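Please go over the structures that come below.
Here come two complexes built around subunit A, the first alongside subunit B, the second alongside subunit C.
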Partner chain A sequence: MKISQNIAISENGFLFNPATGDSFSTNACGKEIIRLLQEGQSQAQILEALQREFEVDQASLEKDLADFLYMLGNYRLLDANAQ
Partner chain B sequence: MSSGRTPCTVAVSGLNNIDSPGPGMPVIRALRESSNLEVRIVGLSYDSLEPGLYMHDLVDKSYQIPLPSAGTEALLERLKYIQSIEQIDVLIPNFDAELHNFIRIAPLLRDSLRIKTFLPDLADFDARHKAVLFEYGQQHGVLVPKSHTVFTLMEFHRALEAYTYPVVVKGKYYDAQIAYSADEAVSAFYKISAKWGLPVLLQEHVRGTEVNVTVLGDGTGSCIGAVPMRKLYITDKGKAWAGVSIEDEALMQLSRTLIESSRWKGPCELEFMRSEEGEYYLMEMNPRFPAWVYLAFGCGQNHPEALVQMAMGHRPEPMTKYRVGHMFIRYSQDLIVPMEEFEKISTLGEL
Partner chain C sequence: MPLKTYERPYLRKLNAGLGNKFGTRNSQVPVTEIDGVPVAKLMEEYGSPCFVLSEQTIRQTYRNAVRAFSTRYPKVQMAWSYKTNYLNAVCRIFHDEGSWAEVVSIFEYRKALANGVPGTQILFNGPDKSEDDLRTAVQHGSLIHIDHLDEVYLLSEILASEGLKARVALRINMDTGVYPLWDRFGFNYENGSAWTAVTKVMAQPRMELVGLHCHIGTYMLSAQAYAVASHKLCDLADEIRKQYQRRIEYLDLGGGFASGNTLKGSYLQGSDVIPTMDDYAEAITSTILQHPFAMSGEIPTLYLESGRALIDDAGYLLGSVLALKRLGDGRRATIMDFGVNLLFTSFWYEHRISPAQEYSSHHEDMVLYGPLCMNIDVVRENVSLPLLKRGDRVVVHRVGAYNMTQWMQFIQMRPNVVLIDRQGQVHLIRRRETVDTLNEMELTPLHLELGQGKPA
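Take a look at the complex of A and B:
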């Protein structure tokens, strides 16, 4: 799973998709997930990294991460070829 | 001291910078900011309340011209008078309804009045009309939703049988309604034919995202400039109040292919629908600059400047790059105008 190559994300978590013109705002956690996706990390690696950073039980984190990734896919922010 | 820019006088119509704006003022702003041309602007208006008439920092002198329904002779007579005062080098018409007349008199303008235009010929202009757009798309390898042009209710009923719902019912020039049943479609037929006359267009509905491209063709198959935009905010009249330049190579390639294949001459706005399956359908091809053409300038492509250069016989280099992620946002502002100015344009026809 990879974020689309041309997606730009600012320091403030503002995300712009130049292919569609859509823009989004995300919080620090979302920004971190996107950064990890841009680095090419897998879902399991991202889960591990978030667990280290945030105090949260694994079941909730897994569910929230899956929801967030689903939302990214729904908004066409994931690279369809890399999925 | 010389600015190094070529001086020229450009006449521009479409000064109605209102909530459903004409392209004239954005065209003028782009020309004013040209790095190659030093323009004097002559405004051409149809109504004394077109805001551009009173924007003296952008328009140097304005003249009323007869409505398109008055015909080409009246238009030519008026332009002869205007040219006896001004030395117009290039004329850029910006209204759909006036283009037919200007295309017809373009050779006379050039030969008798030495006013240059840069317009498609009548055959090309008519070929992309929405009533025949499906055939135009087939000819140039572009998808266009299936459509029928109908003149009577009986024809409309017959045509409906070939469609699944929803369908789109369109007026010959403006207006479109989506209908989800035969009853809704017939109601839309009545409403639209009462407002805009016949024929009415029945069209397959394509679900997706609208994306538009402002394009300039040189008439020999070269695309001189193209910038794509997605609307971000649409008014109740269906006009873009904000939009953003986007990066979409497939859309750009399709636009270039169409301009090359059709050898389109002049500006146009290509309105596409990107379907949920990622296919592009050409919905309309407007044969003039769009009202958002200033965004192209903001993104690094000055299309009005290039058009004037081509009209004057130059061959500007095709512009292939543009800035992605630049927005336009319209605003409205009240102009304060002394009654004398309104009186002058209303009674004398010039200001």
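Take a look at the complex of A and C:
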């Protein structure tokens, strides 16, 4: 799973997709997930990294990460060619 | 290094310059207390969901309504509408403030008597009064508001057999320019049914026609409609005076005054569009006072049976988030532990819902579902709320009217109801139901009793 290469994200969580012109806002945790996706990290690696960074139980994090990734896909922000 | 505070990741598409059917977030601060009592404490002690009523708000709202009318009109009597909320504690607050009782069934009637209301201070309304019901009301000297001609004949027979007299009023329906027309209750003014009823009642030696009653609708957004209703009732009273030399003692303008809730489909918030109690009072009292009927002798007493507008603001429903999910089209769905079983009014209101804990600046659009395994269980079809998670608490506002009488025992049991008094003390005023509450009512045929073997 990889985020589309041309997605731009600002420091304060403003996301822009130049391919569609759509813009989005996200929070600190969402920004971190996108950064990790840009680095090419897997879902399991992202989960591990977030658990080291945030005070959260694994079950909630797993559920929320899956939901966030679903929404990235739903908004066509994931690279369809990369798995 | 300490771990960062977690807030679940969120992604919101920005639609600059475009309208959004979810609207914008309008609740800027969490509601953590009701009358100084922490919401968290209430839910820990009384469970989730839980209804909360504020005695302070009930009394303040009532006094404001009384002030609006009594500063404009010298003879005003409120009668608490039992069907709106007939929890005894609630009724007793209204009676303590000076309110009589307005009931529409014998069960409400008996509740009113048990709450210490003298029979002579009970207005008995509604289409369903059996022979026994009417006999009880007659024996207690209550004011009987006649709904249909069958009731005139039935009451006449009862009075003859009991050798008693009854003080009665006629319920009148009419066109006030507001639709739908509530013409199913009482006698129609425009088509002459009302006058026919007057002549029938006046012919009954044991009935004393002392009042005229109307109740033109519910959640009335036009105060002017009450001016029309008042005028027509006065016209009728004046005609009775001229034809029969009988003076109508009271006019009952009913209720139907709106609360601050927002109706579904309303562009503006409810509190921005509803008339104030002063608007209703001005329309009614100035019409009566300027009518030739009022100027021809002693002015009639004004009875009011407002329910919704007096109790809605005082009621809160506390609840919790059960789960979050995504719908097929990607919309956020949040499942609460309360639904249309407890919040009947969510069928017609966009209830204001506030989180009961601190939250960040982020919010998301969502559908709010109840816990019932039933597709109709939607509390809000679209609402923008902060990032809720399982276990988060919310407060639903303005739920005091009708929800605690129209609630359904369906799939879930009815929850605890508590009252916060003026000193901030919390009182349990209705216990939550249990499976025993249901089973207590049921009987099992002998051949289906456990341990009886297979039926032949």
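To be clear about the criterion, the second predicted complex is superposed on the first by the 83 of 83 C-alpha atoms of A that agree within 3 Å, B and C clash if a C-alpha of one lies under 4 Å from a C-alpha of the other, contacts with A are read in each partner's own complex, and residues count from 1 in each chain.
Heads up, the rule we're going with is that a residue touches a chain if its C-beta (ideal position, glycine included) is under 8 Å from a C-beta of that chain, and two chains touch if they have at least 3 such contacts.
Bear in mind the structure is a predicted one, so any value in this text is a computation, not a measurement.
Put simply, more of the residues of subunit A are touched by C, taking subunit B and subunit C as the two choices. Of the two partner chains placed around the shared chain by superposition, subunit C is the only one that A:64 touches, whereas subunit B remains out of contact.
Note for the complex: subunit A touches subunit C at residues 15, 22-30, 32-33, 53-56, 60-61, 64-65, 67-68, 70-72, 74-75.
Residue ranges of subunit B in contact with subunit A, taken from their complex: 209, 229-230, 232, 243-248, 324-325.
The part of subunit C that touches subunit A in the complex is made up of residues 3-14, 16, 324, 326, 330, 360, 362, 387, 389-390. Taken together, the subunit A residues at the contact with subunit B in this complex read 6, 8, 16, 18-21.
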